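There are structures below to look over.
Two complexes come next, and they have one chain in common, chain A, joined by chain B in the first and chain C in the second.
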Partner chain A sequence: MKLDRALLLHLGLLAALLAFHFAAPAYHHTNIARIMVLAIYAMGYNIAFGYTGLLSLGHALFFGAGLYAAGLLAYHAEGTAGTGLIAGLAAGGLVAFALGLFALRTAGVAFMIVTLMFAQAGYLTVLYFGSYTRGDEGIVIPRAGRMLGSLDLSDDNTRYLVAFALFAAALLVNLWLARSPRGRIMVAMRENEERSRMLGYNPFTVKLAALTISGLYSGLSGAAYALMFGYAGASLASVQYSILPLLYVLLGGAGTVIGPFLGALLMFYLIDYASSVTDAHQFVTGAALVLLILFAPKGILGTLRERGLRWLP
Partner chain B sequence: MDFGPFLLLALMEGLVTAAVLALTASGLSLVFGIMRVVNVAHGAFFMLGAVLAWFVSQWVPGPPALSFAVALVLCPLIVGAIAAAADTAVLKRLNYEPEATIVATIGLLYILEQAALSFFGPDARPVPAPLNFRIQLPWFGYSGYKLAVVAAAALVLLAVWLILRHTRAGLIMRATQIDRDTARAFGINVDRVYAGVFAMGAGLAAIAAVLIVPIQQAHYLMGGDPLLLSFIVVIIGGLGSLRGTLVAALVIGLSDGVISTFFAPTLAKIVATLAVALILVLRPQGLFGKRAA
Partner chain C sequence: MAAVTLLEARGLTRHFDGLKAVDGVDFDLEEGEIHALIGPNGAGKTTFVSLLSGRIPVQSGTIRFAGRDITRTPAHARVRAGIAYTFQITQVYGALTVFDNVALAVQSRHSRRLAEDTTEALTRVGLEARADQIAGTLSYGHQRLLEVAMGLALKPKLLILDEPTQGLAQGEIETFKDIVRGVVPEATVLLIEHNMDVVMDLAHRITVLNFGEVLATGTPKTIRADKAVQAAYLGDPHAAA
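== the complex of A and B ==
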């Protein structure tokens, strides 16, 4: 990868986040760790929605698959964080691949409803097997299950650095993907599926691959979330968690590499701030969705890219 | 109780579910059929109807029957007005672009739920039933009100059908559904038709909610299940087909009553959701819908 301004921008962001580790007040330190994990999820969502044009309303299924793969392993089978992360990654990717085989036969509105339905079925399944998952109450992951080798993920500093490492890897892979020929083909599917088909690309396989990569990201994020914050509950697999990454990506800018992180960061602090002023933080989420889709459907970075920063990947 | 009467009870419960579901889902189906808008906020309109019915029951003095009658008229009007306002302020400006409208109605759902939480509170609250008599069958007594709900729902649906088929407004709606550009060329104000249809769809959900609230209690999160079930019904019945919606509501309502009585309700919902997702994948136009041109 050539060292140009796009790469420099992303390395700069990573350097800033690393520097933040040493300078941050404890409260924001924990917040940023959480935001980085959620940003991995949003990046995965962006690969499907922003780049490939697959508007899914069921990504909580992939996030939940990762969350429960790691959570249940640690809780019932004395798994550790290492196996948990790998299991989460695999679970997210597998579920996304299997769902894609069915759901990608539909497009547009039908795709949105099918993904929503499957995710709802997944959520209800978590509740149905309440004797293993403890349903809404959720499982608290024992400390032994949160050890990554000799690293203790319940420790604040370790947690931040591990979250940072995962985030950095996810961001760089995303950047590489966005600039690779495969990334271009994904964008071609979003822009004009019929024309890409005419050029000899198979839309189904390209979309299935994109959805699977998206699932890998979501599963990894879910597993990391469970292990770092020690909790896996059904609410984390509910429809709210399908909407969150959509909101982050819309705010930051769909089809940009940094957009999901930026969206997660701003939305997290916006809701955090709103909760300190009023109880009505759901109102903020709703209003943000409506205002974004009305006035800035391309999000912050998408708008910037239109206004001159054409090199933003 | 023997199996026979038990099954009868399950079927009667299912019939009540089916009646309310048919009302709610026909609203969703109407909006999709005419406007091509998938309204995720439909469950929130349902909830709003129930919550408003509780407020009316607090404010209107006198016997429960009086306040219930007031609620039955007032709530759909208020909810319809809110829906029409949302349509004009948001959906119209998005040009009814399908994906954008779904995101916008998700936003609307959050806003309405928050409004209910802020003004109504997190508790479930009962609304008294307007009539209180039991019908004594040989094996068990059954609430007369529940049977009244079924009758009322049937009447409202009949009215909707008559409006659509035999009035000028219905003719205009159907014309807009078939070809909105030609309708506009004939001087139909499509914007007003859309606002009206969106209001009518929300109003139907509100009527369903007012009818069910004496049985179920009002709660700010009660819109989730009706939304999910309406989606299921509308998809099985064929998106936009009103007759299909009615048949599907009967099938889903009755089977929901039976499965929930004899097995676990959660299992019933899992099976229904998966079935629907597969129907959409294999037969995207639904069972009754016409193949899209």
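== the complex of A and C ==
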């Protein structure tokens, strides 16, 4: 990758997050670790939705696949964080690939409904196998299962740095993808599928590849979430967790590399602030989103890109 | 011209709810020729080339291309096999740069020289200075040329152009004629065109389509002299506009 201003911007963000580790008050330190893990999920969502134009309402299935792959391994099979992360990555990718084989035969609203249904089936499966998953109550992952080699993910400092490392890797891969010929094909599919088909691209395989990459990100994030915060519960695989990354991406800017992180960050603190001043914090976030859609439908970075920062990947 | 057949359609048919858009068409393309497809509006020209390019599935009949039966081959695979189609209604990626539009065509054939080949295709249509412009902000004429550049960048064996000069200024039409002349004989051109000056200037052979059927096929000279064609099409100045 060429060292230009786009790459510098992304490296700058990573440098700031690393510096934050040494400067941050404990409360924000934990928050940012969580936000980085959720941002990996949102980046994955953005690869499908923002770049390729696949509006899925079922990504909680991929996040949940990673969450439970890592969680159940650690809880029932004495798995460690290393195997958990790899299992989560694989589970997210495989489930997304399998779902894509069916769901990508549809498009638009039908695709939204099919993905929603599959994710709901996944959620119900978690509840159905309550003897293994402990359903809504969830499983608490034992300390031994949260060891990444000699690194203890239940330790605040270690957790932040491992979250940072995963986030950095995910961000740089995303940046590389967005600027690669493959990224251009994904955008082309989003912009005009018929035209892309008549340039020799098979819409089905392009979308399937994008969805699978998206699933890898989501599964990795789910596994990291389970291992870092020591918990895997059905609510994390519910429809709310399908909507969440969509909101992050819309807020930060669909089809931008930093947008998912920015959206996750702002949304997290907006909810945090709103719930500290009012019981109706869901109303506040809802209102914020309506305003966003009305005045900046391309999200924050999407709007900036339109207003002159054309080089923003 | 050495008559090597590049494309061969037999009994090609496509109806839309009883409307015989294309009805039992036999059609041959010779390698390296410029073949014009003419006929009044609604004659079935766009539908016919859509069957060739695979945009619309064939109802019955067969298509052979470069020695292979492609009747059931999906559209994207036909593009890779060498059939490029430029849309009658301009379909460029309006939000992407001119460069990216053409680069998408170049990388579709796995070129190792992405930037060079992209610039080369843009130069052929005279858009190289606008490579960084957002395609949606180009003038209509330039968007048509960009569409042609995308077709050229695929380096096809067969380039299908669907009313490429529609809405172009006279100067742009001259540019366009030069471009098409430069494409043959390495590639073959199938040109749907309403402007009879362009057709008579460029075409080696002409096929006239009417109500989904072939009315006549021949050289520009024989077509001009054909009574049935005159009655159906050429005699009517409004249809030829």
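Criterion: the second predicted complex is superposed on the first by the 310 of 313 C-alpha atoms of A that agree within 3 Å, B and C clash if a C-alpha of one lies under 4 Å from a C-alpha of the other, contacts with A are read in each partner's own complex, and residues count from 1 in each chain.
Everything that follows uses one rule, which is that a residue touches a chain if its C-beta (ideal position, glycine included) is under 8 Å from a C-beta of that chain, and two chains touch if they have at least 3 such contacts.
Predicted model, so just to flag it, every value in this text is computed and none were measured.
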Superposition on chain A - do chain B and chain C clash or fit: fit
Of chain C and chain B, partner touching more chain A residues: B
Chain B versus chain C as contact partner of A:Thr212, first or second or both or neither: neither
Partner chain(s) touched by A:Val114 [first = chain B, second = chain C, both, neither]: first
Which of chain B and chain C A:Arg184 touches, first, second, both or neither: second
Which of chain B and chain C A:Ser221 touches, first, second, both or neither: neither
Which superposed partner A:Leu294 touches (first chain B, second chain C, both, neither): first
Which superposed partner A:Thr52 touches (first chain B, second chain C, both, neither): neither
Chain B versus chain C as contact partner of A:Thr133, first or second or both or neither: neither
Partner chain(s) touched by A:Arg195 [first = chain B, second = chain C, both, neither]: second
Superposed arrangement (fit on chain A Cα atoms) - minimum chain B/chain C Cα distance in Å: 11
Chain A residues within the chain C interface of the complex: 181, 184-185, 187-188, 191-192, 194-203
Complex interface listing, chain B residues touching chain A: 38, 90, 93-94, 98-100, 102-104, 106-115, 117-118, 228, 231-232, 235, 264, 266-267, 269-270, 273-274, 276-278, 280-282, 284
Footprint of chain B on chain A - complex, ascending: 55, 57, 102-103, 105-106, 108-110, 112-114, 116-118, 120-121, 124-125, 127-128, 243, 246, 250, 279-280, 282-283, 285-290, 293-294, 297
Residue ranges of chain C touching chain A (in the complex, touch as defined): 53, 55, 74-77, 79-80, 84-85, 87, 91-96, 100, 103-105, 107-109, 114, 150, 154
